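Each chain carries a letter (A, B, C, D, E and F) given by its place in the written order, and its residues are counted from 1.
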Amino acid sequence: MFFHEPELQFEVTVDEPDPHFAKLLQQAIGGAEGEIRVAMQYMFQAWALPPEHEQFRNLLLETATEELGHIEMLASAVTEHLRGAPDDLLEEAYEAREHAAMAASMTGQTPRHLLSAGQSAMPIDSNGVPFDAGTIVASGNLAADLYANVMAESTGRLLATRLYELTDDPGMEEMLSYLIARDTMHQNQWLEALEALDDPVPVPASFPQEEENQDYNYTFISTRREPQPDPGLPWTEGDSPDSNGQFTYVPEQPGDGEVVAPEPAPQTYNDPDEREE
Amino acid sequence: MFFHEPELQFEVTVDEPDPHFAKLLQQAIGGAEGEIRVAMQYMFQAWALPPEHEQFRNLLLETATEELGHIEMLASAVTEHLRGAPDDLLEEAYEAREHAAMAASMTGQTPRHLLSAGQSAMPIDSNGVPFDAGTIVASGNLAADLYANVMAESTGRLLATRLYELTDDPGMEEMLSYLIARDTMHQNQWLEALEALDDPVPVPASFPQEEENQDYNYTFISTRREPQPDPGLPWTEGDSPDSNGQFTYVPEQPGDGEVVAPEPAPQTYNDPDEREE
Amino acid sequence: MFFHEPELQFEVTVDEPDPHFAKLLQQAIGGAEGEIRVAMQYMFQAWALPPEHEQFRNLLLETATEELGHIEMLASAVTEHLRGAPDDLLEEAYEAREHAAMAASMTGQTPRHLLSAGQSAMPIDSNGVPFDAGTIVASGNLAADLYANVMAESTGRLLATRLYELTDDPGMEEMLSYLIARDTMHQNQWLEALEALDDPVPVPASFPQEEENQDYNYTFISTRREPQPDPGLPWTEGDSPDSNGQFTYVPEQPGDGEVVAPEPAPQTYNDPDEREE
Amino acid sequence: MFFHEPELQFEVTVDEPDPHFAKLLQQAIGGAEGEIRVAMQYMFQAWALPPEHEQFRNLLLETATEELGHIEMLASAVTEHLRGAPDDLLEEAYEAREHAAMAASMTGQTPRHLLSAGQSAMPIDSNGVPFDAGTIVASGNLAADLYANVMAESTGRLLATRLYELTDDPGMEEMLSYLIARDTMHQNQWLEALEALDDPVPVPASFPQEEENQDYNYTFISTRREPQPDPGLPWTEGDSPDSNGQFTYVPEQPGDGEVVAPEPAPQTYNDPDEREE
Amino acid sequence: MFFHEPELQFEVTVDEPDPHFAKLLQQAIGGAEGEIRVAMQYMFQAWALPPEHEQFRNLLLETATEELGHIEMLASAVTEHLRGAPDDLLEEAYEAREHAAMAASMTGQTPRHLLSAGQSAMPIDSNGVPFDAGTIVASGNLAADLYANVMAESTGRLLATRLYELTDDPGMEEMLSYLIARDTMHQNQWLEALEALDDPVPVPASFPQEEENQDYNYTFISTRREPQPDPGLPWTEGDSPDSNGQFTYVPEQPGDGEVVAPEPAPQTYNDPDEREE
Amino acid sequence: MFFHEPELQFEVTVDEPDPHFAKLLQQAIGGAEGEIRVAMQYMFQAWALPPEHEQFRNLLLETATEELGHIEMLASAVTEHLRGAPDDLLEEAYEAREHAAMAASMTGQTPRHLLSAGQSAMPIDSNGVPFDAGTIVASGNLAADLYANVMAESTGRLLATRLYELTDDPGMEEMLSYLIARDTMHQNQWLEALEALDDPVPVPASFPQEEENQDYNYTFISTRREPQPDPGLPWTEGDSPDSNGQFTYVPEQPGDGEVVAPEPAPQTYNDPDEREE
């Protein structure tokens, strides 16, 4: 059950409104690296956990709830950037309206900010593509989910640092500095949660590993055209990180599998030629 | 530059053709956890790497090339499952064609296998949704990419083990046992590659961490309605996995941020009421 | 800023677990008529409103927050339906695993419930298609948004009543009875909010209506092949609902517009024939 | 059954070709507020209506047919804007082709206008995203559909007025003035059609309202963190618009629902840790 | 400008209503091989043609208009199949509503037919995925477009013949027999239109062919791992169909291209390791 | 089974890095006319072919393998364009970072190139939309597939020629000249393959043509509002290209089909009015 207070989780101010920066910020709202994705991802992951994982469930839901507040902060920033231009600039832009390019520049080249949303934030990414729920990972397996979360916070923090480099608006720097810090915390908490599991790798660790093919489970298979000697790299020799095997190297794929495509039913009309009667 | 030989990377046989299993296998071809995704993901990651990361570039491209062969193996299996039913069963199915339900059962309820593809594999997932390139992660930052790869191989192996439980066709068991083994290897190689980096966490490690907000970068912020005492969990106290901080706990979100949405330009016609003249 | 408590907004019990019903419930989570859509829609609408609309902003955000709790209730119900089958049935299903069709029946024919999510709720619709953020309407104009909300709660309540007819599980009936009641309230509150506006129709009412074409703004234009007499229907005669005009009828579209497509630049190579030198 | 004449429904002229405006117009063709959506929406709604609703069926189909003509008008305008630049400008643009930015400016930053379509209109929105059929609403229930249509014409008219502000090309002003007028008519006709129904609210009115939860069907439930007093707003007291209830207010969500996620089948391998043998 | 008459282009009767066949028919409405696609494709192609191609423009628009009527026929058939089950069967299905599987069987496993559309046709494909406007081809080049149309009518006719095999309802056989005939005509008319062009191949024929690489424009490049002898196939020797060249064969890809990825800007934080200060 | 060598199939150099051209090149990677599409299309087509079509299978797979190398070449070019700007320009761009517009110009207005990918190529089109696997055609019928391939190579070559006109970078001209040549070859080889089939038209030729409606299979049906005389065009008279019929002309659609939508089940609550008790 959720609650809401009409205040932002952290102060957001925009000193120098810039519609182009509004467009860039959209990536942090509706992009694959954005906050809608992690908020929904952590929720669905939490809701799949049975009672014995209650601490993880709470961890996930509390973080999801925090991310909802980040969407709100970013939406506030986007709208301020889109609307904050001084009146005389807007006036001028509209007076010059024979040049629709001006309108485009008012929106940093995301016309839907103006046309669909009246100069406000949208659930889209910085290229203007609506948020894609197909990027949400909630596998039912906590270890897989935690790696998905480390990844999500890694690309999320990477995005935030790239945005940080694209502004020197003090308000934006402060907001991004906060969001980058939160991503640092979240990366660390998911890594810590992974450590709290007993031997989670290879995921899923609960699968009886003796049922997997024992010839190729710690072997680097080269796909080079001509067989190459073992390069002696960390992933071709030595202990594997899951401590269950030793890396080896083979210069050739197993191969020799027979290519088979049985005849389809005649009623598929796959036959390209005219039927003889 | 790629090459191809007309043999499968590993033998694929289908002993008991089953169109329903064909549908399930599609998840491993065109699903978010599937082989098209990792093949393309590893390619685009590799192509972004500058010369000093040549070893990683090769690692990524060789693995991508192997995954292309997995798509081929799975496509072969799907088509065999769809077409392999004995002739008299097909005959019977078509004779009974007043019941289109029979056709549906011929395809395991993915009618497009029959209608669009003439009983063959497609670039779709097990729910019939076309492969979604929006799930591909290639961030330019090798550490973020490697975590994405650990995650991809984790959900990929999880999928393969779930499929393994849904068949006792010996040929399918052998194929899946091989693919599960390869995912074990790939998880381990990406983890090993992460270890080969110096201090990659928090990602991106190259961002000067002193520029992030120092009050909230190792702090668990509770989002509970009423303030709760520190639960003393691994993510609220002790050293952080990145070795750069100490976890702490605060029972309240910072809050107090002012909610602001400036007036939009009048020419957006956001005003819902009739204009007074 | 959001908060969360680990309890459901309203009690959810599943008396007779049924994976097929789980699949149907997904429409109320990730479908066009579902709760993710309204939760996000009301948030983005609220965040676009300037200070003078504070009461509407609060109304939207409080309702959005309630809808987040509905997603949680429905996700809980879906997971219970997917996992609640008695152990011996599952055992039997897995023992009979040479028939992957059995697995399909375990998931009500949404294999990703099993393959991608380990028998738990997902952000998809009942056809297995991921939630589509392109359905979210947040136009910046409150009147347009409120009509979008009346519509969303209309199709949402319609969906809930259809689901109600497809179960006689007492726990599901109680949950749906609650959700149907909330949709009744929400329809009414959005209609009431529309009434609180002064003359919002035609939307946007703030556009100077004298600038629209005065010959065709209250005229029903027939598109029938042969001109038909005025049928004397409520939309061809009498006062218009916005009180600004009188309906009239014309049997023919204006027509006569010249069809023009200028020559494209030669460098587009639109020319289909071989160029003469 | 449809017919077509080679003339536009209403005259379209472009006095000052502007590729940037072409891009903006795309929102009215392939956007969520555009003409493809309403044309298809009205058709599918009509085709679902049984004989006793013949008048509504005709109303829907005649309007759908008119909207097809609007797509044609807009496509004509887009192509004129894209191709109408004077030859010497094009020549200059191509001569300066070392600057691909010039090409981008030729298309108003929608490169596919040039690359995929040879300077002509496309079924995409102004952000370049293909038309999304997931936005089409045809519920089978006429009241729900009519509210969807009021909404569609509201956002459609809003879009047209915003476009109107972004041009002072006389031809475009005339075309948009006509389209705005038609949206006025269409909003009014759908509202009139709603009035022609007997008590359509709450939608679906045919559901026996006594089966919905009677404690929460006219109650505003606050989701604030701390209980707040009844604000005495139109949606917390007084008669409801459907005339079936009285608004009331409660400061707390019902709550107390137990959070349950049963154990998944072991064969899902949801268990994140290594299995003990 | 379009017109509509309330009659179907060709009679549609359903003798034996079957919701499973309704689902299959959806592929012909909203699938990649379906009628929405060709209707819109032919329109956008036509609207791009300049005056000298008026005959082709008319050909395209008349065919598009016919296809609109096919959508209507198919939608009518789908709705009849979904609703036509005898009352006692429905009654029984609903009485047995504790088995939601029954509801699924009522819809041929496309729950949205019932939940979203009240047992009526939708703009989706047979897998339940909304129509995808990204499949529409309108390139501006008439020859490319005509090949796209031959392909569309080929896959369309293939679909129709496959559907024909899945029913022995006399009404459906008659409808499909008509649609198959129309696809025969349309394939032939597009091929005829191609013949009416002068030397359209290679498309675009207007590009000065001497500017393309002259070493590889009629050469089959083998991508086999080991060089293979020329197989002497129709595409490795003899005249090319465009009459502009002679096929040749080379056993190796040119190769030797240098792999380059310059250093990214440091502000992208692509560097995966901690920065040394 | 695939192999890879770390060299490009053909040399790629970028003399004048231009982020705007990078954006345009994305269409050739992830667009509907691009290389990911054809690579995957040819693979899935090949994998559907039974043994007697082995020569076609090899032809398809060898070409698919070549296209994989084209993706690699184009990705290399895109990354070079994005990163190749001289250091001082980058420095200047970042110093001027209060203007996020500068960042946009660094990416040619595809912010995700910078934000999501750290200045590298992505599996998206030039409008920033992820690659859409719904565009892949692999029908199971070789003739339909070959026409799809002619079309794909036609729009692909058209795209490449349009790109060629938008640059005078010598390296880009050479790369495009090579890709245009390959598309010439591929168009010709698919046309040659079609010629190698016996009478493939109308596709599918294996359907017994006497089962299609014999009144309308070679008849042009006019959809004009008023009956028009036979225009005497190549598609209204004379032999059809498939040599199976004679074109004829009728001025009217058959028509007269009865419009029927049976009553839906009452439990759909399609009824819009309040139920009388």
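Keep this in mind: a residue touches a chain if its C-beta (ideal position, glycine included) is under 8 Å from a C-beta of that chain, and two chains touch if they have at least 3 such contacts.
Just so you know, these numbers come straight off a predicted model, no measurement behind them.
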> Can you list every chain in contact with both chain A and chain E?
Replying inline: B, C, D, F
> Any idea if chain A and chain F meet via the same residues, over half in common, or different ones?
Replying inline: different
> Which pair wins on C-beta contacts, C-E or E-F?
Replying inline: E-F
> If you average the CA atoms of chain A and of chain C, how far apart do the two points sit, in angstrom?
Replying inline: 25
> Just curious, how far off is chain E from chain B if you go by their C-alpha centres, in Å?
Replying inline: 28
> If you average the Cα atoms of chain A and of chain B to get two centres, how far apart are those centres in Å?
Replying inline: 11
> At which residue positions does chain A touch at least two other chains?
Replying inline: 1-9, 32-33, 47-48, 57, 62, 65-66, 69, 76, 79, 94, 109, 114, 116, 118-120, 124, 127-130, 132, 134, 139-141, 143-144, 155, 158, 161-162, 165, 203-204, 207, 223-225, 253, 255, 257, 259-264, 267-270
> Which of the residues in chain C come into contact with chain E in the complex?
Replying inline: 16, 18, 20-21, 23-24, 27, 31-33, 105, 108-109, 125-129, 132, 155, 158-159, 162-163, 165-169, 223-225, 253, 255, 257, 259, 261-264, 266, 268-275, 277
>> Could you list, by residue number, the parts of chain D that touch chain E in their complex?
In response: 1-9, 30, 36, 40, 43-44, 47-48, 57-58, 61-62, 64-66, 68-69, 71-72, 75-76, 79, 116-124, 130-134, 136, 138-141
>> Can you tell me which positions in chain F touch chain E when the two form their complex?
In response: 3, 5-12, 32-33, 55, 59, 62, 65-66, 69, 73, 76, 79-80, 83-84, 90, 94, 114, 118-120, 129, 132, 134-135, 137, 139, 141, 143-144, 147-148, 150-151, 153-155, 157-158, 161, 164, 174, 177-178, 180-185, 187-189, 191-193, 195-196, 201-204, 207, 209, 211-225, 231, 233-235, 240-242, 245, 247, 253-265, 267-270
> For the complex, which residues does chain E have touching chain A?
Replying inline: 158, 161-162, 165, 225, 267-269
>> Per the contact definition, I'd like the list of chain E residues that touch chain C in the complex.
In response: 1-5, 47-51, 57, 94, 97-101, 103-104, 109-112, 114-116, 118, 124, 127-130, 139-144, 146, 197-200, 203-208
